[in-house]
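Chain nomenclature is as follows: A, B and C, assigned in order of appearance, with residue numbering initiated at 1 for each chain independently.
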Amino acid sequence: MEFTAQQISDMLGGTVEGNPSAKVSRLSKIEEGSPGSLSFLANPKYIPHIYSTKASVVIVNRSFVSENPVEATLVRVDDAYASFAKLLEMYNRIQRDKKGIEEHSFISPSAKVGKDVYIGAFAYIGHHAVIKDGAKIYPQVYLGDNVVIGENTTLFSGAKVYSDCVIGANCTLHSDSVIGADGFGFAPSTGIYNKVAQIGNVIIEDDVEIGANTSIDRATLGSTIIRKGVKLDNLIQVAHNVEIGENTVIAAQTGIAGSTKIGKDCMIGGQVGIVGHITIADGVKVAAQSGIGSSISTPGEIVQGSPAFNISDYKRTYVLFRKLPELEKKIIELEKTISDLRQTTT
Amino acid sequence: MEFTAQQISDMLGGTVEGNPSAKVSRLSKIEEGSPGSLSFLANPKYIPHIYSTKASVVIVNRSFVSENPVEATLVRVDDAYASFAKLLEMYNRIQRDKKGIEEHSFISPSAKVGKDVYIGAFAYIGHHAVIKDGAKIYPQVYLGDNVVIGENTTLFSGAKVYSDCVIGANCTLHSDSVIGADGFGFAPSTGIYNKVAQIGNVIIEDDVEIGANTSIDRATLGSTIIRKGVKLDNLIQVAHNVEIGENTVIAAQTGIAGSTKIGKDCMIGGQVGIVGHITIADGVKVAAQSGIGSSISTPGEIVQGSPAFNISDYKRTYVLFRKLPELEKKIIELEKTISDLRQTTT
Amino acid sequence: MEFTAQQISDMLGGTVEGNPSAKVSRLSKIEEGSPGSLSFLANPKYIPHIYSTKASVVIVNRSFVSENPVEATLVRVDDAYASFAKLLEMYNRIQRDKKGIEEHSFISPSAKVGKDVYIGAFAYIGHHAVIKDGAKIYPQVYLGDNVVIGENTTLFSGAKVYSDCVIGANCTLHSDSVIGADGFGFAPSTGIYNKVAQIGNVIIEDDVEIGANTSIDRATLGSTIIRKGVKLDNLIQVAHNVEIGENTVIAAQTGIAGSTKIGKDCMIGGQVGIVGHITIADGVKVAAQSGIGSSISTPGEIVQGSPAFNISDYKRTYVLFRKLPELEKKIIELEKTISDLRQTTT
């Protein structure tokens, strides 16, 4: 793929300043630009780079005023960052535009495969599975019996979806994410543990992203539910019967225990642990590495610590934690002073 | 699968109250019941739902006395929860009753495959591997050379077992669990690290469950050992030469460093970290997110914190941690009072 | 494989003491030795075992003086531990000496495959991928388009490398490690999150080891970089645009957020969390379960805690944390004493 500055400008509704036939074939950061690369300048703190960049073409805001000579050809647009993000996405769509069914895939005769679908080699499509139009099933993906994959959803290599789970439209599941493994349920019985069969499923609604190696267990009965627009990073654990509300975002390595219900629009940091059978209100924010041991009922509350409490209180408390040696010293001094005083007064 | 209330009652040794030919084809929670579903009522706090449920058939305890009219057909049994769990398990066994060898699997000619075995497509069975009767090897599973899989053990899609590892009978390994990868052993040598070859294996005894994306490393020499009845949740790290005692249960995302020996009947919460080369006594309980930095020699001890100590002490201490601003205020007041006193007395 | 004591001695440049034709066919720890096994004795605390071991041959230091009769044949060498490690490695190399291309693999016609390469069944080699001489691609590995795998690098079963990523020479990637999944980048827009396309890649230099289920995300733009000699344990999260310096070692389940730069020769414990957009100096050590919330600019600093600070200060502070109930008691006593004093003086 090679484009001229003029072609890029036309795509973005911009205007060219410099050589309209300057050619670019890849995208780069402005500070790492090289001949043939296309960059952008949005954040003012990167302005100095525009005078030294080797990128052939740079997208800038219409309002940008250069105070030194610029070698690169400029494409001026209303919003340089948004325009560049749009190009990134177009680039990605072209790069990942896989279609057709590769040899060496296993598709059950009872499965239903839609139009414009990609199914890679060594992918396994179970009985009665449904793959809707435009879905991309990369090599080595596993779809158990009765699984449904929505329109334009992509499962990268090695993603696994156990039987009966349902994935919505426009979702992305990264490699080795595991959807629908058995919930961790055992009934103790005279020193040993008997497995409680897990016959529910996982429902993932539209526009959800699931990171690499993230595990979402099936419900014991009913469904583990990931609502529309949720974004989960890598290596996250979601236990059986959990529900995560719309547009909640969770960073890597966080774990959520069974039957907990998380509200919508929450932001949860990395390595957070959340116990089972509690409820987190909408819009709650949890700092990384926190532990949530009980329900949070105030929408929008921000917490930290393990167990977590209000983040401002936590920060104030942690300052004093660090000052504990000083506090202890003061107590010792007080004891001494008082002992002296007592001798004085008696 | 469709059953009548009478058939269910006969399976469970119960008695029917209502329409014996009421038909059900799936299981549901009582509060989510719908026509054609079978539910159960065991916990008294769910009693109100029995008057409104749309489930066609509900399993209840013989002792249950209804105080309002019930629409559903009832099946009365001695223990409604146990009966329902039994049905869950039967359901699961039928659902997952896979047998035979699918095309596109790779089975070394030197491997030994028992009776009534399932081997899915794209599964890889290495040289001299042994798969005993009734084992289920789902698609895309990897068994290295000389691996042994016990009777009736199930490996779900994409589970990996490196060469020379041995898995017992009636185990379940979930997707993308990795058994027998190299232990993390490196010998420092003038600024770089030389790998120490890891030639031991992993031994998993009978009745063990291993969660999705859990990793158990092979021993440097000898064996990493997971004893009978151990249950490991998802995303757990077990390092080389660790031993985990019988019927110990460990929640998700916990990590155990090399050569540590954990007793039997322990319960370890999620996201716990345990250092290497220590011993944990039988029956110890560890609260989630704790860090264990040294051996625990008292059987049954319960600990929390990082580093962890007795859980009651920890809880008391954490209350004071939260009160640190208040404690500091008291110290400041004391200092002031004493300063005043000194002026008074001098 | 069977060797005599004499053959082993010749390989290691040692001298035999006992029966030179004693035969061994496997390696064991000295305390677990059995007839036919070869052990070693290096650590003095294991000396008692040499008088009781059932191992047929034991490698010992030339300087070792036995004070009791020894049944095993001894092979005396300059450095018993180093010699044994060398044997371990030879053993491993023989065990894992796979070559050739197994049936049922998918190799794009445009891929370039070097000499002496192993490609296992169900491995997927994308378009224009390059596999250099001596590389081992185990079954079910996925290499996306344009991926490069360096000389003598091994990817164990199920490792995944997304398109455009580059892996150096002499690396080891364990099962289900995921290299190059999308970074976790979303732009908020009126309540929902729009994905920011991630079009960079991951570059892994030579001599790197990557543990099972570890995830390294591709850069948004540019590269996520793992420098020469880095060792990463299992279940680690490395976010987009991170850079990890030469010979840094990181234990299991640690997570590093986006754009952070870690120096060389660092040692980072397990379950550590490191926020994004910071810099860690060379040679820094971080205790397990710590949280790094801001840059560390002092080379060689050792830290602990969440948020972390100097490890000695942390340990001193944590001792006082445990003594908080005692400190509170002292404060209460002080308050009482002062109250009494005031009454006395007024």
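Annotations for the structure displayed:
Basically, a contact is a pair of C-beta atoms (placed from the backbone, for glycine too) under 8 Å apart; a residue touches a chain by one contact, two chains touch by 3 or more.
Keep in mind the model is a prediction, meaning the values are calculated, not measured.
At the interface between chain A and chain B, under half of the residue numbers appear on both sides, which makes the contact a different-residue one. Rotating chain B by 120 degrees superposes its CA atoms on those of chain C, with the angle stated to the nearest 5.
Averaged Cα coordinates give chain A a centre that lies 25 Å from the centre of chain B. Within chain C, the positions touching two or more other chains are listed as 104, 122, 140, 158, 176, 213, 235, 253, 271, 321, 327, 331, 334, 338, 341, 345. By the touch criterion stated above, chain A contacts chain B in their complex at residues 104, 106, 122, 124, 140, 142, 144, 158, 160, 162-163, 176, 178, 181-182, 184, 186-187, 191-193, 195-199, 213, 215, 217, 220-222, 235, 237, 239, 253, 255, 257, 271, 273, 275, 291, 306-307, 309, 313, 316-317, 320-321, 323, 327, 330-331, 334, 337-338, 341, 344-345. For chain C in complex with chain B, the residues that touch the partner chain are 27-29, 32, 85, 88-89, 91-92, 95-96, 102-104, 120-122, 138-140, 156-158, 172, 174-176, 207, 209, 211-213, 229, 231, 233-235, 247, 249, 251-253, 265, 270-271, 288-289, 318, 321-322, 324-325, 327-328, 331, 334-335, 338, 341-342, 345.
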